[in-house]
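To keep things clear, I will list the structure first and then write my remarks on it.
All chains are identified by letter, namely A, B, C, D, E and F, in their written order; residue positions are counted from 1 within each chain.
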Amino acid sequence: MTTLIFLALLLNSPLHAEEAESWLPSLQTQTPEEGFQLALTLARKGVTETQGDPEVLHGERPKYSQDAESLIAASQVVATHFQTIAAANDYWRD
Amino acid sequence: MTTLIFLALLLNSPLHAEEAESWLPSLQTQTPEEGFQLALTLARKGVTETQGDPEVLHGERPKYSQDAESLIAASQVVATHFQTIAAANDYWRD
Amino acid sequence: MTTLIFLALLLNSPLHAEEAESWLPSLQTQTPEEGFQLALTLARKGVTETQGDPEVLHGERPKYSQDAESLIAASQVVATHFQTIAAANDYWRD
Amino acid sequence: MTTLIFLALLLNSPLHAEEAESWLPSLQTQTPEEGFQLALTLARKGVTETQGDPEVLHGERPKYSQDAESLIAASQVVATHFQTIAAANDYWRD
Amino acid sequence: MTTLIFLALLLNSPLHAEEAESWLPSLQTQTPEEGFQLALTLARKGVTETQGDPEVLHGERPKYSQDAESLIAASQVVATHFQTIAAANDYWRD
Amino acid sequence: MTTLIFLALLLNSPLHAEEAESWLPSLQTQTPEEGFQLALTLARKGVTETQGDPEVLHGERPKYSQDAESLIAASQVVATHFQTIAAANDYWRD
């Protein structure tokens, strides 16, 4: 029992990057709108993976989310990811 | 007539953030010109999704819409989205 | 008749972007050189659509057209649009 | 004879944007190396088409050709054009 | 045992630029999530290959990992690499 | 012998832009890792072709190779070239 509890704690420990459920199981979405949401997710993930510390991230958010240049740069990242996801879904053509 | 005017006002009202209809039902457009308009929509959406507060957005708009560098950066985002939409429509080839 | 005039005024109102002739009827061009010209057109359109006021645009033009960084950034937008147009024309291969 | 000389001068005159020979007759090149040279040509053309005045261009050249950030930005434009040309030549695969 | 320890130290020694195993044996990954991790790897590799000195790299890391603009720019590089890897894996479509 | 030495010097002379061997004979590489190295080569070539003077280049290198923003921008150029080379090699799929 102790071993099981130990394993459970180990697997759920924040030291393990590998979560039980993937944050990105598939690039397939039902609609273009969901595809755009996924592009936003991927864009944000690129930022959080580069800067792991949530405090720094939250400290920076007011800055880039209020700066015109940063907003446009963020929109560019979304555009690139959306391009990938759209191709992955064959442009949601019927 | 009154009903029609009422409906017209209702549909154009900015107070309805959540439409019954998706804002992006499809990447298909009839013409390249409409495709370009859709690219503009997607570019703007990337900005509004990053910065949800309309006050901040409207505060920043005068700034980036008057700055040469930001105008060009915004045009780059549109270019990326237009590339996606053009591919989605098979370049509107007859 | 009143209704028809009303509709005509409504449709021709400057609030409607739809012009009689499209500025972008097709992505097809006869030559790569014309394709490059079209890429320039699309790049400029992205800027004018973001900043609708011609006075602001003309005020900014001297600035970005004399600044090295902005010139290169503008060239990047053209490159992206040219990539799209080239693909649309199957690279003008015989 | 005078007519011929006159025509020659007319055609070579910088006042005529339309040259007798196209500067971009094709995207096809014999080798990847020539393709890279063509990418450089297209990148430069994007700059010269945005800023038509040769004096301004030559005034800016020392600036961006000595600034690290501008050099890298210029290399990015070349990369995008090279991507297009490589695809146009089917990557020069035998 | 001593030989094994010696070999382990030798292989892990930073003095050997040429590792026994390639750092990029394949673009194929089992899942999109792993593909995203590989995109992060490629993005970082581009930085380390440009600046070989680990001291400089570690000196810069706090700077760019705390700056909103740099975080977004880094996310853009990841997006481009992810686009490549997604295509390489045919978008992990079943 | 003197002729051979003379020829060797001539061919290696920096005054001859046209080398006997192309610096880019092919986009084909055996492995993804070599493909990444080729991407680095292309990225650097874009810089050296824009700024021909080696003194200026070497003067700038310390600057951009120590600046976080420039390092990321350089990584972006590499990413674009790697995307091209990966496609050229059909992603090194077996």
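Following the convention adopted for this analysis, a contact is a pair of C-beta atoms (placed from the backbone, for glycine too) under 8 Å apart; a residue touches a chain by one contact, two chains touch by 3 or more.
The shown structure was predicted, so the numbers you read here are calculated from the model rather than taken from an experiment.
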Partner chains shared by chain B and chain C (touch criterion as defined above): none
Rotation angle superposing chain D onto its copy chain E by C-alpha atoms, nearest 5 degrees: 130
Length of the line joining the C-alpha centres of chain A and chain B, rounded to whole Å: 23
Between chain D and chain F, centroid-to-centroid distance (C-alpha), Å: 20
Chain centre separation (chain A, chain D; CA means) in Å: 40
Chain A-chain F separation of Cα centroids, rounded to whole Å: 34
Contacts with 2+ other chains: residues of chain C: 67, 69, 73-74, 76, 80, 83, 87
Category of the chain touch graph - line, ring, star, complete, other: ring
Complete ring sequence of chains beginning with chain A, oriented so that chain B follows: A, B, C, D, F, E
Touch list for chain C against partner chain B, complex: 17, 22-28, 42-43, 45-47, 49-51, 56, 59-61, 63-64, 67, 69-70, 73-74, 76-77, 80-81, 83-84, 87-88
Touching residues on chain A, where the partner in the complex is chain B: 31-33, 36, 40, 65-69, 71-76, 78-80, 82-83, 86-87, 91-93
